[in-house]
Amino acid sequence: MEKIKKIAVMTSGGDAPGMNAAIRSVVRTCAYYSIACAGIYRGYEGLIEGDFIELTARSVNNIINKGGTILKSARSKEFRTKEGRQKAYEHLRKNKIDAMVVIGGDGSFTGAVVFNEEFNFPVIGIPGTIDNDIFGTSHTLGYDTALNTAVEAIDKIRDTASSHNRLFFVEVMGRDAGFIALNAGVGAGAEEILIPEEDLGLDRMLESLKKSRRAGKSSSIVVVAEGDKSGKNVYELAEYVEENLPEYEVRVSVLGHMQRGGSPSCFDRVLASRLGVKSVELLLDGQTNLMVGLKNNEVISTSIAEAIKGGHTINMELLRVSDIMTT
Amino acid sequence: MEKIKKIAVMTSGGDAPGMNAAIRSVVRTCAYYSIACAGIYRGYEGLIEGDFIELTARSVNNIINKGGTILKSARSKEFRTKEGRQKAYEHLRKNKIDAMVVIGGDGSFTGAVVFNEEFNFPVIGIPGTIDNDIFGTSHTLGYDTALNTAVEAIDKIRDTASSHNRLFFVEVMGRDAGFIALNAGVGAGAEEILIPEEDLGLDRMLESLKKSRRAGKSSSIVVVAEGDKSGKNVYELAEYVEENLPEYEVRVSVLGHMQRGGSPSCFDRVLASRLGVKSVELLLDGQTNLMVGLKNNEVISTSIAEAIKGGHTINMELLRVSDIMTT
Amino acid sequence: MEKIKKIAVMTSGGDAPGMNAAIRSVVRTCAYYSIACAGIYRGYEGLIEGDFIELTARSVNNIINKGGTILKSARSKEFRTKEGRQKAYEHLRKNKIDAMVVIGGDGSFTGAVVFNEEFNFPVIGIPGTIDNDIFGTSHTLGYDTALNTAVEAIDKIRDTASSHNRLFFVEVMGRDAGFIALNAGVGAGAEEILIPEEDLGLDRMLESLKKSRRAGKSSSIVVVAEGDKSGKNVYELAEYVEENLPEYEVRVSVLGHMQRGGSPSCFDRVLASRLGVKSVELLLDGQTNLMVGLKNNEVISTSIAEAIKGGHTINMELLRVSDIMTT
Amino acid sequence: MEKIKKIAVMTSGGDAPGMNAAIRSVVRTCAYYSIACAGIYRGYEGLIEGDFIELTARSVNNIINKGGTILKSARSKEFRTKEGRQKAYEHLRKNKIDAMVVIGGDGSFTGAVVFNEEFNFPVIGIPGTIDNDIFGTSHTLGYDTALNTAVEAIDKIRDTASSHNRLFFVEVMGRDAGFIALNAGVGAGAEEILIPEEDLGLDRMLESLKKSRRAGKSSSIVVVAEGDKSGKNVYELAEYVEENLPEYEVRVSVLGHMQRGGSPSCFDRVLASRLGVKSVELLLDGQTNLMVGLKNNEVISTSIAEAIKGGHTINMELLRVSDIMTT
């Protein structure tokens, strides 16, 4: 393999706080090693269109604390076609780009692997998604920030719930993964947490709410992940409880997209800085098809293929803690 | 009238940040003037049930910065009946309470006026509602805090909207009044603001969004008050735009009850402290049936009857500013 | 006077949250009226050096929520000389700038008046300073944000003060004006507030602290303005109390420059938007030498000369409220 | 050993966000296992004085999100004497307390070990300190929150630093440990970080600042830990730079005690909940002299004696990342 002289970086899929900090880190690490760096706009879509920008160490001043992504993000259908990827490859060649860092989630990594197979193009992945549903890292970029955003919002909801002795169903993000729901639920002191990984049964929830009221709690919060396994959405759950526990005055709040934004937490900024350095250093070291991540507070790397296949498992101990906390 | 020796305070209707600061102020002012103070739980409902608590200067330590209301709040149907009010009056007599401070909105004040008429019981109102829809004060308690909460949430939504070139419809509170929508909309730099006071027409919104895109804006935020006059709710508005402007990828976010909670802003804490002092001093001065409020940064008082009748009007200059800002 | 075709905007003196929102408003209002707009970097210093930038409606995207000032700010000695101002004027001519909006405080406005006198150059001032010490407006840009920043910091300090039964002296900004100290002090529930406008005497403070402890308060916060009239700085005050009230464990915290930064509050963003529109419209209307401001929630204008001369007075009612609150 | 029927919990030493969440967890876990729980006020001082309170599951409602500690904290000289500890033991016996959970840092744990040796009294430690300087856990309670507090404050300082092209020295907490300085420094994008663990030399700092200016950075932040090894305090460092790099306008900001307060982050709340459960379960399992902690996201336990002896080491990789980021 030839020496790498220019690296491109993109953000792909759902945006997450810390993506800008990761872009900054990739760009500054390139500058540190005196190689060039290009930004690709709008993920694979921009790659196919050749929508590039040259980035220097100064281009990324004052973005470490900004939510969103200055390179913007998108999902690309065209990149799933051979023609799309061919165009992408030609743009990379034309721009003399030797390797690529992709900041995104599972879907983005799958694209990267296919692309590497076809064109033998070096690529490293940085896990960026608020859902924390990626194998090979204890934390994805944006997850810690999203937890704080969710918990701060639920704290506010608790204020009004307590004032009116109400029960709130709060939906947080996480279509396939209950990480946000479980951790934000424990963090916010939720009386009940419903997650996609486990169907604890609606009866259990009713029992828990009854117990909570008997125990003298004046308000209750039930945190529900988008993809809860009960098969009911948050509004249906609220109705179900109102029907079965008429003593409760029930309200629903869907936190929604605000969980994706906001200035990243210190943890996410530091993680982004560390992963960005590692991703460039791996490429310079001749490595490819790896995802960088965190394990036991150490930066590690995993084969992207493995990362995609690998399942994430919810922390059963935390479910138990949640149960004890609602005593 | 006899000398007042004991004052009761309650919070009534929808809760608002700053209610605790106002309770603290009423209690401490009573202590300052060496008179007793009782708290009434759950507004008129608790009044009817005689659900009282003695409050001393120390009872209200460390609540100035807490959202919600330690006295809890409620809406009471029974207080609308003569029997309910009779019970309430008897509890007040039994507890030797000579006057009452009611922290709440229009509905709560109407109850207070009726009660005063029937029993000649001294009562002063403190305007506490995030909606700012009360005549006789430039600011209601909680309004400033709710604006900051809304703007911070929309800032986060803007992060993700910009990253994906999306259009977001964000619903804020305000069933009859567009104060939150208009101010939070201008504060968040919204491209369009829809309020109950004015039906600007859906065509105007489409035009504005087209203009915004032509002008090179990559994302757009439309802030919608709950009670928007267009007759469509926020989801229907989103659908309408998706049908008419297919180039837009549209998302909806309903901020909901988190706008009612949270630690009050400095403004709301100071306002609460000032209004609490004034309410007690008016009662000690033999006054009744007044609402305290702010005008030109001075604490003033208005007849409650007038406050209820008086209409609030939206700031047309601000609508114009909003229009200019979206140039 | 000829028709105005191009307006310049600068930020001068100490920076304040909301300055960017004001720049955005000036720029967008120019665009709305189809006139050109230039930004001047680093206040009068950049003006003398001709450090200008053309600003379009899109140049100011996504800055409404940013602290600091994208045009940067400075204090200029050279502008106090005739030669300096002559250079400044020539740069304005060369760049075909017909009028100027200066966002800053008293010092910046004095420069503007002198400049206008000498060159008959139209100029409008927007009051931007966290100190709120400008006559002719109830609120200066940045003041509301600084209050929230101070109160949030003092809330955190209260947490640790309460945990250890400690007394904290907290210094806030305000060399000549006690607005921040008085309002943040009331907002944070401070036991004592020391401001430049009034020397309440150190004995009074000792008495107040003794009373507070007797009343059973376990922690105390004394908020001190930088320019407190006691003649002692915050460290000397702390020592003085430790010597005279040895039962207190005393700590000092100087909030410092963080009070100047941060994302502006909704109030400051809306105020900035309104004042920016008004400043441009006044210039287009042929007016000059005015400062825009807020009075009774209406946008007004005052002669800059008057604004500079006029004294600001502290709200004595609020001092009294503070006293009652520490009962 | 007899069956444990009652557990006491205390907070000791410097307070930290998350201590209340840990108290809540200990209390609720006791309730879950149907054993009694007592709170000890003011750490070992309150223990010696027998200052106890019975705590039920409901006593700890709504404290998970509160900074500080409802049990208050203190450092005790008397507990270092045999007589003091004897008194403490007698109070425990009299109150029928069978075991104790101590939330605190190294100093508090040393006391616990001595006490256990003398009286064979079961004790478990929960690491609570913002400094993160305890062996046997990757994170101490309060550390994550303190990092976010520091980074948010430095973000604000950056706003004003950028506006004026200034250099700020920002002192953060950490007398013996540079964890906060290093992580908050990387998180805030500091140009230079000075920590107790390493004397990088003042020349290096000057070089770095010169490089930073040459690279076109307009503002700079140097984060300094309280106990920096250079031997100079933050004011002396600022003076030193002003003398050697006169082109810099230098300011100092000492973040101080606000770093100890504030609502805990989601991470700290979840960690506290997990550690509280484990501490009670270990006691019920007949264990003693252990400190609970986190390793690789799993709750583990370490011998307290080891935890005290064990050194903590700074992450050298992160120092390197910091260096690369300032390219």
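First chain written, first letter: the chains are A, B, C and D, and each begins at residue 1.
By our rule, a residue touches a chain if its C-beta (ideal position, glycine included) is under 8 Å from a C-beta of that chain, and two chains touch if they have at least 3 such contacts.
Just so we're on the same page, UniProt names per chain: A, B, C, D = ATP-dependent 6-phosphofructokinase.
What you see is a predicted model; the values in this text were computed from it and never measured.
S.K.: What rotation angle takes the CA atoms of subunit C onto those of subunit D? Round to the nearest 5 degrees.
M.R.: 180
S.K.: At what distance in angstrom does the C-alpha mean of subunit D lie from that of subunit C?
M.R.: 35
S.K.: Averaging over Cα atoms per chain, report the distance between subunit A and subunit C in Å.
M.R.: 39
S.K.: Would you mind pulling out the distance in Å between where the CA atoms of subunit B average out and where those of subunit C do?
M.R.: Chain centroid spacing, subunit B to subunit C, equals 28 Å.
S.K.: Give me the residue numbers in subunit C that touch at least two other chains, ranges are fine.
M.R.: Within subunit C, the residues that touch at least two other chains are 155, 158, 162.
S.K.: Can you give me every chain pair that touches, using the contact definition above?
M.R.: A-B, A-D, B-C, C-D
S.K.: In their shared complex, at which residues does subunit B touch subunit A?
M.R.: Residues 11, 15, 17, 19, 66-69, 72-74, 149, 153, 155-165, 168, 218, 251-254, 256-262.
S.K.: What part of subunit A is in contact with subunit D in the complex they form?
M.R.: Answer in residue numbers: 24-25, 28-29, 31-32, 57-58, 61-62, 64-65, 138, 144, 147-148, 150-152, 155, 158, 162, 183-184, 186-189, 215-217, 263, 265-267, 269-270, 273-274, 277, 295-299, 315, 317-318, 320-322, 324-327.
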